[in-house]
């Protein structure tokens, strides 16, 4: 029956059922991935971020919150220029992680 | 020059001040309301940032004050002042005359029950940081039963206008990360989450601890305050928070939730403090003369303050203040 | 769950309720949704408990619906409320009891606002005089009608015929309690038990032999929200809130839901039908739903009122399985009979949720 | 001696081995040529008959394969070792064959047809057993045999203690490589003993050694001996590797002698743990078909090009690594459609167009200096990416994503062409490389700012002071080794101060460690490389390190004991107004 409305899906990140396969795989080859302090330097300097919503800080969170598809979509914007890696205060090899996500 | 100096409180501040005053040739007298010296530090297992056993520090301090006249299980019930100094009456009816008084009464732990939404005292597996520390010390807590997921809530009773504490409690961030590492040491397979608003890693080695927490212990830091806790059918805790960096509400099930309780002013001294004429500051702690040059003196001549009775402080802060107050008292006595 | 912990909190959130002489105001919505509830309430307190409850024929809406849907400004709502209070004073009462949670919230909010901003109170005083030529007055006590039942819950228990117990198993019924958000979430100190672990309905359930279930989404709003419900396109949002609650309470297999708000029982009841139609899922046993009742209806049931006199046939979720569990006799033929004994006709049955 | 005998069973091992290796090589040759893309194959045939390339072929075949000129230049001892063995052996074979035709062969026995061919096959190899030679030939044969043995002696010393011959690290070999090496070492001593004593056992040993050597040859690094000849031909044909395992790359893989010269050259080798990431090992992994490891090494490489520079065989390992990168199926389906809407504020004019590049955005000092220099020189210019621009595409190319990089290249091309400029000045060598190689900007001169400043100074447009600061210049890999821009920056620096030398200069300069080329290196590993590079630059205690790349600048600044500046900054400070 059409009521003219329908159930809205929950907006909660359901941490109990998040699939962390990709993130854990990345963690094995890039242990530094854990050390992000969410300072946003990568996003601020991002050449693609100048024109798009590209943000590595968010992308990393997407992977940890079960939004892998969104993350992969976001990567498409990346130009792989490597400025993010250059500015990261924790020395995270961001460009490598970006490539590894797509592997 | 054998003047008595009355030190109210036998924690880190009181003991260290007594040690220094004794070395300066004065006669410190410690009045401690509990049955032992050492204050909160004696309840702690290890200290941040380097996981140093608290026992070591406390034992050294105890050793230094073993010749200091100490009253345990005793409170100051009355204090009067005249031209000859201070005259205190203790709960055991003894009377002490002193030339100066040091308030080293420290802090109380915020009563976690007051943040009702976290369900402390309601849900079995919600505990405080103090209780977790006790677990590390004794190896036993009925709530900790091989947990798989553990959460830490920062700023419980701090930076929260709803409980009338707007100040930052200074040490909880570092303590939370220290305890997160420690619980990972005990349960390496557990997932540990901390829910923080800001991570204030202000001291030497603290930022390294933060890095260690992330790198070596795989502790996951989520920026967002837990807003509510409930229990599911299995007695596990269901928590909700906003992942503010991700911009989405977050929900997860935990086995244990640890509340990082803030420091609050120790109110058991209020009556004596009032008699001495020492006011409180806007955070409810004791008001010192100013926060730069007069941090150990109060509006009342001869009444000194040291340690966490004026604001939340770390152990090194407190010891530094205790040493500084000793100098202040020494000069005060000499210039009289 | 540590019961002592809850009891401690309950002890901290108690409020004074005078023993007798109340000025009673009705709820716009409840009269439409659950017409028998207020009648039953008055019957219980007046005739069964012997209390003085006065109703003034000239009382109106509190303005809450219009206020919360941004149709009238706060001053207007406050003036309407001031008139209600003036009616109370004129009638010689000083204990104000309202049937509606929205009203209770708005009265509380208004009284607190006047307390904090006396200049606003002065302004309303003037408005009241200008518009109605009435003397401004404030009640000495403000209570919600569920507070009254809470207060007299043990007196009701004494007259109880059918406790909240499954007669077949002898076990207490599992009851979900759901308070209206505006009962204590805005002013925790104004509700029995506060906002986090409210006691007002829990007290009734426990006094009448039931067992309260505490489920993770207990705090969640039923989803009514005036702004959501009034716009058809937003109703899915309202429904989703209810859906979330039911998903969370389902594993506990509750026998019934007790509520104290006009909207909650309505939405917790009707959305079960919509969810069933949309998803095919029902939350009670054997394809039935979980009955969502007002506290007056529950009180009426335990005191032995006839289910059809309590108006339980207007619930979407079939009530009969609950009646059978409690061992309450009922005449199925009378379900759709009007007061005059005339057959009103049986409504069309829904596709998924079972009706008897 | 045994002049009547024309056959003895001991020749059989040799004949078998020779037949095998010849067959293998012919099949391999056909395979490589068949695997070449069509266009490359055409290029190859054409190059063989083009006089210029044909001459180069002959020159390099002799120079590289036999005389090892490149190794001589770098290390005479090793040069002698290689040419003694290769040239000596070659000469023994050649002289042997000459003897076959000039002397009266096979005295008293007439052999015709197939049998004759068969005997020709082994006769020169064992001639002393079958015939008596004239004194001149005897001397020549003994001379070259001793020459070979002298080379082998050096090889033995090198194996025992490589530092004596000036090599720090050598490639570590497996069982097969060690075994064939032992066979090679023993072939000639056995031959010498057999020839001088005529003991039958040594003739057997000599022949069996040859069998072992030739049978193992295709499966070990010694395959480089026959393959190098083919590689030289292919290289001169101007072919680039398109697949890391096929065709041209295959020829290169087998041409790598695993000599290990690139190990010492590689900047990563500063940490011994990383010496396994060098080109020698990369080629080895490719040869062994270890794709995973090859990929890892390819992605760890910084693409500084130094291994190519020092390679005695001129193996283009950087290019092969790039094709290896491209071979990995990353699911990075770039969507750069957002580039479409970007437009430039640059107006249409023929002014100089300055493109700082993204890395330079992180070093605003360079941009400021360039603006000041251009203004001081009275140049009219436009700044293309003052408010941020699009990546040049090189980093994307470095990940092997040619098509994805194309979107950026096209957009930048469009923006540059719109401006109508005739001269494009870049500050970043990373950009410079890709602009030079991948962009089609006909009619637009592309210069790195080192070249541009040099031009301004030389033309007198920019007047600079000379001070007495000692500068050392670091050659950015993508400017120096890639394009040979060595002199312009040095000339500029000599105009503004004193230029002192680094320990390793120009084509041997050491990568700063910041390279975008590597994906895998950790910050710590990069730091080690940087420290090593800085130490090299600090050899003559300069006052300041000068470079011409924003990435080098940022990288050095972390570790340098002295100030690190871009050449533009140095010039800026010396401008005479």
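Letters A, B, C and D mark the chains in the order given here, with residues in each chain numbered from 1 onward.
Everything below uses one rule, namely that contacts are C-beta pairs under 8 Å (C-beta built on N, C-alpha and C of every residue); 3 or more make two chains touch, one makes a residue touch a chain.
As the structure is a prediction and not an experimental result, all values here were calculated from the model.
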Remaining chains grouped by touching, chain A not included: B, C | D
Central chain (by mean CA position): A
Label of the chain whose CA centroid is most distant from the centroid of chain B: D
For chain B paired with chain C, centre-to-centre distance based on mean C-alpha positions, whole Å: 46
Centre distance in Å when chain A and chain B are each reduced to the mean of their C-alpha atoms: 38
Where chain B and chain D are represented by their mean Cα positions, the distance between them in whole Å: 65
Centre-to-centre distance between chain C and chain A (centres being mean Cα positions), rounded to whole Å: 46
Of all residues in chain A, the ones touching two or more other chains: 32
Pairwise chain contacts under the document criterion: A-B, A-C, A-D, B-C
For the chain B and chain A complex, residues of the former touching the latter: 199, 210-211, 214-215, 218, 220, 223, 240, 243, 245-246, 248-253
Residue ranges of chain C in contact with chain B within the complex: 1-2, 4-6, 8-9, 194-197, 214-219, 251-252
Residue ranges of chain B touching chain C (in the complex, touch as defined): 113, 116-117, 119-124, 228, 230-233, 235, 238
In the complex, chain A residues that touch chain D: 32, 45, 47-48, 50-52, 72, 75-83, 86-87, 91, 93, 95-96, 98-99, 102-103
Residue ranges of chain D touching chain A (in the complex, touch as defined): 299, 328-336, 338-339, 342, 358-359, 361-362, 388-391, 393, 395-396, 398-399, 401, 408, 514, 516, 519-523, 551, 554
